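Labels run A, B, C and D following the written order; every chain starts at residue 1.
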Amino acid sequence: MELNQLLGRIVDEVAPLRGSGVVADYIPALARVDPAHFGIAIADLEGRVRGVGDWQMPFSVQSISKVFTLALVLAGSDEALWRRVGREPSGNAFNSLIQLEHERGIPRNPFINAGALTVTDELISQVGDASGELLAFLRTESGNPDLRVDAEVAASEAAHADRNLALTHFMASYGNMRNPVATVLDQYVRQCSIEMSCRDLALAGRFLAAHGVRRDGSELLTRRQAKRVNAIMLTCGTYDAAGDFAYRVGIPGKSGVGGGILAIVPGRCAIAVWSPGLDARGNSVAGVAALDHFTTLTGWSIF
Amino acid sequence: MELNQLLGRIVDEVAPLRGSGVVADYIPALARVDPAHFGIAIADLEGRVRGVGDWQMPFSVQSISKVFTLALVLAGSDEALWRRVGREPSGNAFNSLIQLEHERGIPRNPFINAGALTVTDELISQVGDASGELLAFLRTESGNPDLRVDAEVAASEAAHADRNLALTHFMASYGNMRNPVATVLDQYVRQCSIEMSCRDLALAGRFLAAHGVRRDGSELLTRRQAKRVNAIMLTCGTYDAAGDFAYRVGIPGKSGVGGGILAIVPGRCAIAVWSPGLDARGNSVAGVAALDHFTTLTGWSIF
Amino acid sequence: MELNQLLGRIVDEVAPLRGSGVVADYIPALARVDPAHFGIAIADLEGRVRGVGDWQMPFSVQSISKVFTLALVLAGSDEALWRRVGREPSGNAFNSLIQLEHERGIPRNPFINAGALTVTDELISQVGDASGELLAFLRTESGNPDLRVDAEVAASEAAHADRNLALTHFMASYGNMRNPVATVLDQYVRQCSIEMSCRDLALAGRFLAAHGVRRDGSELLTRRQAKRVNAIMLTCGTYDAAGDFAYRVGIPGKSGVGGGILAIVPGRCAIAVWSPGLDARGNSVAGVAALDHFTTLTGWSIF
Amino acid sequence: MELNQLLGRIVDEVAPLRGSGVVADYIPALARVDPAHFGIAIADLEGRVRGVGDWQMPFSVQSISKVFTLALVLAGSDEALWRRVGREPSGNAFNSLIQLEHERGIPRNPFINAGALTVTDELISQVGDASGELLAFLRTESGNPDLRVDAEVAASEAAHADRNLALTHFMASYGNMRNPVATVLDQYVRQCSIEMSCRDLALAGRFLAAHGVRRDGSELLTRRQAKRVNAIMLTCGTYDAAGDFAYRVGIPGKSGVGGGILAIVPGRCAIAVWSPGLDARGNSVAGVAALDHFTTLTGWSIF
């Protein structure tokens, strides 16, 4: 099937689901987004990008930023991080403290909030301005110099950060925090509050399909590292639905409560979808369905 | 690299690890196995099998049987099972009751003991003699009519079944057991006590690489179902080390405390390794290392 | 206030609560009891007993039997038991496996089901026929030779024993069970299925008010042991409501899902109340209220 | 036995235990205290106080302050508090987040850290300067105008407050915090850092033995409220050893990691003991032993 045709078919298939689910409502800036939005974009290895629907409309990337932060930390120092955070699926809600207490302050993986806070802390130690570094990377890879932190979202997130502050202080109490809690939270919140479109996201995630090689041909991650990030996306990328996502969709993916999902077909392409209505486990209803259709229609499941 | 050369290289690489780890010692029949054994076999889509080391020596498949029981149940009835068992990684030790209580008697996935007991219960409801059905399937696929349940192992397992009896009664207390606890346990123990070699296992697992098609060309599972079994193997197949296995090895695999691992390269081949020394999470030390080398040398990681 | 007047006053006070709550319905024999029953009896140190309402009507003692089984085990061997069971409140539902797994098969206290199964196991090791020994003791202390196990209740309990079988096998898997699981369950079920009236219960529990001395003047428990049983009743006797019971009522008490409660005023008297309607935590609504009025009217809270 | 003789006997009995256990070492000011200290003081209802050993030497009261803060809040508003905190024993380590998550931000009881933080928050809402109010109360009851917050201890506590900050932010994330987290922590830390001697403590706790009546004859708590505070001390006052404390000692008690314990014999006296060596559950080794001897020698167990 030709790409335009494929994208059109997916839009048709998910049309009945647009507006399904519940928009994240813990901060006003997310709560007022229209749940009926839907966009999808695909970036190939050469950096060509195609999309349909609201694929050029910016949205809050939220937890999808965790993938890029992890990649930047691994690019800087491969193994230091893994003494501070695990690589196992969490088997619990994405912000649970229970597992964290049971495992004495070592988060299960880099994609639950606790783990991402650790990754952010590590990136701060490496580069100082973690969110600035992230933004610079995203701008270059997407070719969009206008990418920015949404100040209103960031302020709202900071004002509703009690759970994340609890996680960070808790890890600090186990000695698993290098920088001041306030600094880590500030940087973390800024990363989550970056606005990107499906187009931007697909281009920015392309390097994970390209075995770690950036758009300009330089290597961000080794082939082995890129595979490993993809593996963690598959086993841990969609909160407590990772098993189901692997079962239904069959490719690595990372979702955010803004309704976006970044998915990777290793060696082929990066796909970004966006639709703000979330299911009970925090993943975009129409977004997951779109990716399900995508792998069914292309046969590109990794399984 | 040619296949013989590849296998020889792997044997060399893991040689220093043979005898590492700890042999499962909860029953005498397992405890007395020499930890230095190592075998590996690869079966391609056409059903050709090659191996090196102790690849023709039978060992106790233990939890690897869970893959085949699941496939047989899915072949019989695709969706009934998923009301009784989940598809999410467990995030806890493989026989934990905590998650099971938290989720009111619904096991997280078919590969933890509780889930496999549910699958066995479902297969009993479908065919009566679940372990007989399983054995018949394994004999046909492996072409080895001598496959059998090791009676001594089965008797020992039955005499050390308190934990599994607790799990089964516990699920029964939530109404999630169709057949008598004693029947389910007996069938479960018999499945775990089947003896197979790496050669047998690779051939028996070949259908998962072949998108569900059996050796004789008939379809056991649809392409979609086969992908899904592979997805569950990847996310849940190696106890609480599934994330790490995906990270290091990068293909679906299911391990057993007998020291065996069955791994699948979708569309290419099935690999069986065996070495009885286990790491702290119950997976074969030399076996995991062998598969790590295999995907590095071939580049056949799915990521 | 004179005793008759006191009892009459309590009956009046709780009248509006009779029929409140929910009758235990997991077995038919309990489910069909009229929730409006209410009885109360008080036995003094001299063995005189007075009562009002349905105080002479037999009901299923259920978990109240745990107090007597504990006392009989302690009379036989003071310290052996405490290596197998703790003395701390459980902080969870009365039949939870979570705490038991966390503490590797050692139940938190003798009054949760797991702990009582351990105590029964210990009594079997001491005397063989644990429920026979218990019945003989209860007959002598109550002066009622007709006390018996209700065979229908026992049969129903045995047919709904999956949760308790899970607990027992689970403890056996940690090596914390001396006798066969089936034997322990049978004896446990028989103890729970004994029928007694408030009159019988108050007389049978009198020794705990009398510092361990039985009706005939012989010593079952030392003064120190009797105090300790009372302490465990206070901290662990009413499932996950022990703190609230201590707060409201202020004397040691042990409840059962049959709707009975045995309470002790050390050095003064034993009180038995019965009303089958239970609150959300499994304690008799009218029964707890009656004891609350009792300690308020008499000033006999231990605090 | 005459009081002087009793105290002398207790000192002799616990002499071999002085220096046993481990001094709290999470802050320097506590870590450098000599574990061999031992003091005991008894205050009767009339406000007479007697003591032996280091009974006039000030130490850090730490968690014992929780009893007084609770009493002050209850004096101000009896029932508001109980919608924000429970009255059940915790069944877990004293600072566990697990139970708190399971129960959605409602701490189990006022004496675990989370609960005490809630009580402090409530007292701030009532009076503003919670620690000032507490100090004023303690000075009046003890007749010691020199009582003060140890500034070094308070500063150290504040610098090691990550766990308590995690708890407070966590409750705030469930909407169970009225005042800013920083304010609550500051007041909480100041309360814990008050220095008192056994003499001061016994006099300050006397009102709990006197059914709520202060030294000057005024009523702080009603008789019913005082009983209830005593009940909570018994079921929740010694971390995860409350059951054992009730079993061995048999009177309400509240311990602190400074090595102090305040115990109450309702209607008779308040006892304060101090010895800095702690057992594995955070209670003074020699202190618990002294109280055990005390109730054995006097027969004043409430059971």
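The rule we apply is simple: a residue touches a chain if its C-beta (ideal position, glycine included) is under 8 Å from a C-beta of that chain, and two chains touch if they have at least 3 such contacts.
From a predicted model like this one, the values you see are computed outputs, not experimental measurements.
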Reaching chain C from chain A through chains that touch each other, fewest steps
2
Please work out the Cα centroid separation of chain C and chain D, and write it as a whole number of Å.
32
Centre-to-centre distance between chain D and chain B (centres being mean Cα positions), rounded to whole Å:
55
Distance in whole angstrom between the CA centres of chain A and chain D is 47
Multi-chain contact sites of chain C, meaning residues that touch two or more partners:
none
Chain pairs that touch, by label, are A-B, A-D, B-C, C-D
Looking at the complex, which residues from chain C come into contact with chain B?
96-98, 101-102, 162-163, 165-170, 172-173, 181
Where on chain B is chain A touching in the complex?
86-92, 99, 108-109, 224, 226-228, 230-232, 234-236, 240-244, 246-247, 250, 252, 266, 296, 301-303
